[in-house]
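First chain written, first letter: the chains are A, B and C, and each begins at residue 1.
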Amino acid sequence: MYNAHRRSLFLFAFLAAPVTLYLVYVISPYVQAFYIAMTDWRGVSATPGFVGLDNFVRLFADGIFWKAVTHNLALLVLLPLLTIVIALFFAFLLNVGNGRGVGGVAGSKFYRVVFFFPHVLAVAVVAVLFQQVFRPDGSGMLNGPLMALGARPVGFLSDPDVAFWSVLGVMLWQAVGFYVVLFSAGLASIPRDMFEAAQIDGAGRVSLFVRVTLPLLWDTVQVAWVYLGILALDVFAIVWVMTDQHGGPDFSTTVMAAEIYRNAFHYFRFGYASALGVVMFFFTIGFTILSLRLSRRERIEY
Amino acid sequence: MPHTPRITRRDLLRAAALAPVAGALAACATPAAKPTASSAAPAATSAANPFGVAADKPLEVWIFDGGFGQDYAKNIHQPLFKAKYPGVEIKHNSTKEITKVLQPRFAGGNPPDVIDNSGANAMDFGALAQDGQLQDLTPLLDAPSWDDPATKIRDIIDPAVVELGTYDGKFSVLGYVNYIFGIWYSQKVFRDNGWEVPKTWDEFLTLNDTIKKSGKMASFTYAGKHPQYLYEPLLTMAAKIGGNEVLVNLDNLEDGAWTAEPMKAAAAAWAEIGAKYLMEGTAGLDHVQTQTAQNKYKVAMLPSGSWLENEQKSTTPDDFEYGMFPLPDVTGSDKLPYGTLHTTPGENFIVPSKGANPQAGMEYLRAMLSKKAAGDFSELVKTVSVVKGAGEGRQLSPGAASASKAVTDAGANTVTYRWQTWYAQLKDEAMAATGQLMSGGLTPDKYLERLQKKADEIKNDSSIKKFKR
Amino acid sequence: MTTTTSWTVANSRRLARRERRRRLGPMAALSHVALLLWTVLTVVPILWTFLASVKSEDEIFGDAWSLPATLQWDNFARAWEQAHIGQYMLNSVVVVGFGTFGTMLLGSMAAYVLARYEFRGNRAVYLLFVSGLAFPVYLALTPLFFVVQNMGNVPLVGPFIGLNTHAGLVLVYIAYSMPFTVFFLAAFFRTLPQAVAEAALVDGASHTRVFFQIMLPMARPGMVSITIFNVLGQWNQYQLPLVLLQERDKWVLTQGIADISTAAGYDQDWAALFAALTLAILPMLVVYTVFQRQIQSGLTAGALK
């Protein structure tokens, strides 16, 4: 009896603080956001007016928001695809790519350290860095050499046809290293014999990759896909800090999170911004559920 | 967090069902901002202390740390105030991002007492007015001036300040500087090369050709990252062709205001500049980068305002000699004569109505409008203030002198527009579209149609407060 | 007999290897080219920034790849003093230090209880935490601002945990780090053997003592991983401080850097911007390079759990 009491007291003592903090700072804001989405609140008045679903009706006609959605969707497809392809390629070279087939190429440890560099830098720092790299004149890291070669400078951030790709490029730059290391960890857990055996069968590098590496890494690839998908849906700081006019030029790089922030903290339409947030919420949840459903649960046993 | 890990499908679905329930039980902090006890009874008023400033209540001041810096507030305005109210502690702050820093303070019901709400990231006056956040400054207009108890503040400032500072029938925004817009150049460069200030648009085009062919520098640029620097001369040109009502119609969101004939002529004219004469890389450069290029004699002309000379003081060569010319005649039958200028009071100071000490806030503005404060200010930051005659007998720099002369020449022919401060969304759209117009992504017609569409959208959006002038 | 077979197998393997080496020769060269290319892509922007940080204003506006005539170390002094990088870095260290400590303490307590004790509502509490993993933070920003603001009105502690306070931000960091921390550590605690803890309980040790003196030390590898994950995540956070800390002297490093790029436009001090970037990047790379093994395994283990 005394023990049971002691046990409950202990459980309560251990859970009280984390659960309280979590409810106050995480859960309650999310719940309130759904209510604010149905008001015309501009962030300052004490009594937001209830407007029902007006904000949601309005957002259907909001061309800029849908432009943002298409950018998120394009990123959702391209970012995971390109990152995973590049990262798998490098992980393969670093781990099973040497002449003997079962170890990494020379210097693989060095490459792994260097590739990971961008991942430890804050996104805001990376955004400012690339703002300079992409300068549109001869003082830009990329345009300087281009112009020295006699080419016209590229408006990496100022040409609406190019800016989106610059954003994608920077995201790739930052993401690839992490996934090289992630896939390397996955590869390390694959028994060496499997490669040896395949090689005895005369498998070349390509078929080694397709027939052995990829199936065994499939689980890790799925994990990567989910992370990268959420990264693509959540992107904010790169766009907000790096691009001209916060998502420009001409809204060519804007994303959902940027439109939420713009409507909330530039136009002070907190109600409308929350409605955009609700839409984004369903995109994210939808993506997560969908990808979990699509991912096959079976593993290759070895 | 850089990454969100995978969870199982079952966990997720169950959690999704559960979360709202738990949330309902959670501590509910309503969005309602708690009204702060700000309107403490003012101290007794008198002619010397017209707003009843309490002798010991602190005063929090936020200055936009932009082209004019913040020294003028610290070294000119605040000592003047402090001399009269030694017991008031002045908390001086500055930022380049007013909105980011201060908007949440408004949302939280504890805004500071005086704000210089300026710069590219200033707060939306429309939203502030709509929410009753701005102190009615009419008492300031009717208060005696700092220097002479017999003269009202109203009579010593430029009347445009009152017109432009009035929101919802209440004067609530005090523009402190008279911004004068035009095309800026180096008088030395023009003199050395024998280039002359163009009086007509044809002359302007010829001049652009001449400069381009000279191979010495590019002829024209603008802050491509901030295309509001270009729609300014475009709109001023439209007003010059069609009269001030062109701009009034834009402000009032009239049907077809953007697609009016003068607008078409102006858009076509600037699109030609965009296609033929822009410095390479213009679209990706910001105001400082283009202005610095001009200081380094890489480009001859750019549109800007009378803050320019001060903003560039650290990179301008000593013999650069800034000069400014007004927009040339376009059609020969322009409604407004040569010399017409776009002027507008800027460095907009507000006193938040829900701040802790609005009385001292208003008194601070009154001190700023004294002859000494305004005169010292003009000299320090090389510009023209809204206080009449404050620059008299002061030593003006070449650019400020050029701008002052232009104002005198323009006389009553000054124009202005306000839609960009009233409708932030329209401003964003105009910036985006103007960038496209100049880089050839939009034809002049498509450009104007697009802006008309946005203006109509705003007009029909009942959730956006409308203004009239 | 057996020796012959193994000799045959070994021999055939050797032949296969030789054959493959012949076939893959040019490929190996190509793979080095690819790897070097990505190395260049990764390193050059960073090195270019370091280079620009010792250039003068004129040189920065000139040719991108020119070398500085004299090294302008002064840029760093300006970045540190006038752009307050030193202050922001200190703020980041304080916030992340307390934030990660609090996250690990509370997170491990909750995870331990949820993983090892049966009680009514266990599953519900666990799912409540884990559900946070799927929410986009942008939806919560506005209400969160008001929650924190209202915290400022709480008697006694209010002034310490409201807006513009580091303690307030620390609490928010802890709360938003909970989902992943609990999720990961609960999984980790489940893998630990029961026997030691049970023996200690039978000997009369309290539950609390068992946790701190037995289970926590056993969970060390997991704790290290997730600590690294949280330090990096909180250090790089931009969105939450952007909304919750508006006073300049309270800012964290990411805010400071993002602001300098705006500020450079007004102050025309691009040299200081590059110096500030360098100051933000270099310590991270040094720390990472020293602890790269732990950091890589920590982060990837966290991801694959």
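Structural remarks
Note that in this section contacts are C-beta pairs under 8 Å (C-beta built on N, C-alpha and C of every residue); 3 or more make two chains touch, one makes a residue touch a chain.
All values derive from a computational prediction rather than experimental measurement.
Listing every chain that touches chain A and chain C alike gives B. With centres defined by CA atoms alone, the chain at the far end from chain B is C. No other two chains have as many C-beta pairs in contact as A-C. Between chain A and chain C the centroid-to-centroid distance comes to 15 Å (mean Cα coordinates, whole Å). We define each chain's centre as the mean of its Cα atoms; on that basis chain B and chain C are separated by 40 Å. Rounded to whole angstrom units, the spacing between the C-alpha centres of chain A and chain B is 37. Listed for chain A are residues 24, 27-28, 30, 32, 36, 43, 119, 135, 143, 178, 223, 227, 265, 270, 285, 288, each touching two or more other chains. Contact with two or more other chains is made by residues 2-5, 7, 12, 16, 19, 22, 29-31, 33, 100, 107, 289 of chain B.
Chain C has residues 61, 128, 134, 142-143, 146-147, 176, 232, 236, 243, 303 in contact with two or more other chains.
Within the complex formed with chain B, the residues of chain C that make contact are 57, 61, 124, 127-128, 130-131, 133-134, 142-143, 145-147, 149-150, 153, 163, 176-177, 180, 183-184, 232-233, 236-237, 242-243, 246-248, 259, 262-266, 268, 302-303, 305. Of all the residues in chain B, the ones that touch chain C in their complex are 1-5, 7, 11-12, 14-16, 18-19, 22, 29-31, 33-34, 65-67, 93, 95-97, 100-102, 104-105, 107-108, 121, 286-289, 292, 296, 311, 314-315. By the touch criterion given at the top, residues 2-9, 12-13, 16, 19-20, 22-33, 35, 99-100, 103, 106-107, 124, 127-128, 130-133, 224-226, 280-281, 283-285, 289, 424-425, 428, 431-433, 435-436, 439, 441, 461, 463 of chain B touch chain A in their complex.
Those residues of chain C that touch chain A in the shared complex are 12-13, 16-17, 19-21, 23-25, 27-28, 31-32, 34-35, 38-39, 41-46, 48-49, 52, 60-65, 106-107, 109-110, 112-114, 117, 119, 125, 128-129, 132, 134-144, 146-148, 151, 171-172, 174-176, 178-179, 182, 206-208, 211, 232, 235-236, 238-239, 243, 253-255, 257-258, 260-261, 273-274, 277, 280-281, 284-285, 287-289, 292, 295-297, 299-301, 303-304.
By the touch criterion given at the top, residues 6-8, 10-11, 13-15, 17-19, 21-22, 24-30, 32-33, 36, 43, 86, 89-90, 93-94, 97-101, 105, 107, 111-125, 127-133, 135, 138-141, 143-145, 148, 173, 176-178, 181-182, 185-186, 196, 199-200, 202, 204-205, 220, 223, 227, 233-234, 236-237, 241, 256-257, 260-261, 264-265, 270, 273-274, 277-278, 280-281, 284-285, 288 of chain A touch chain C in their complex.
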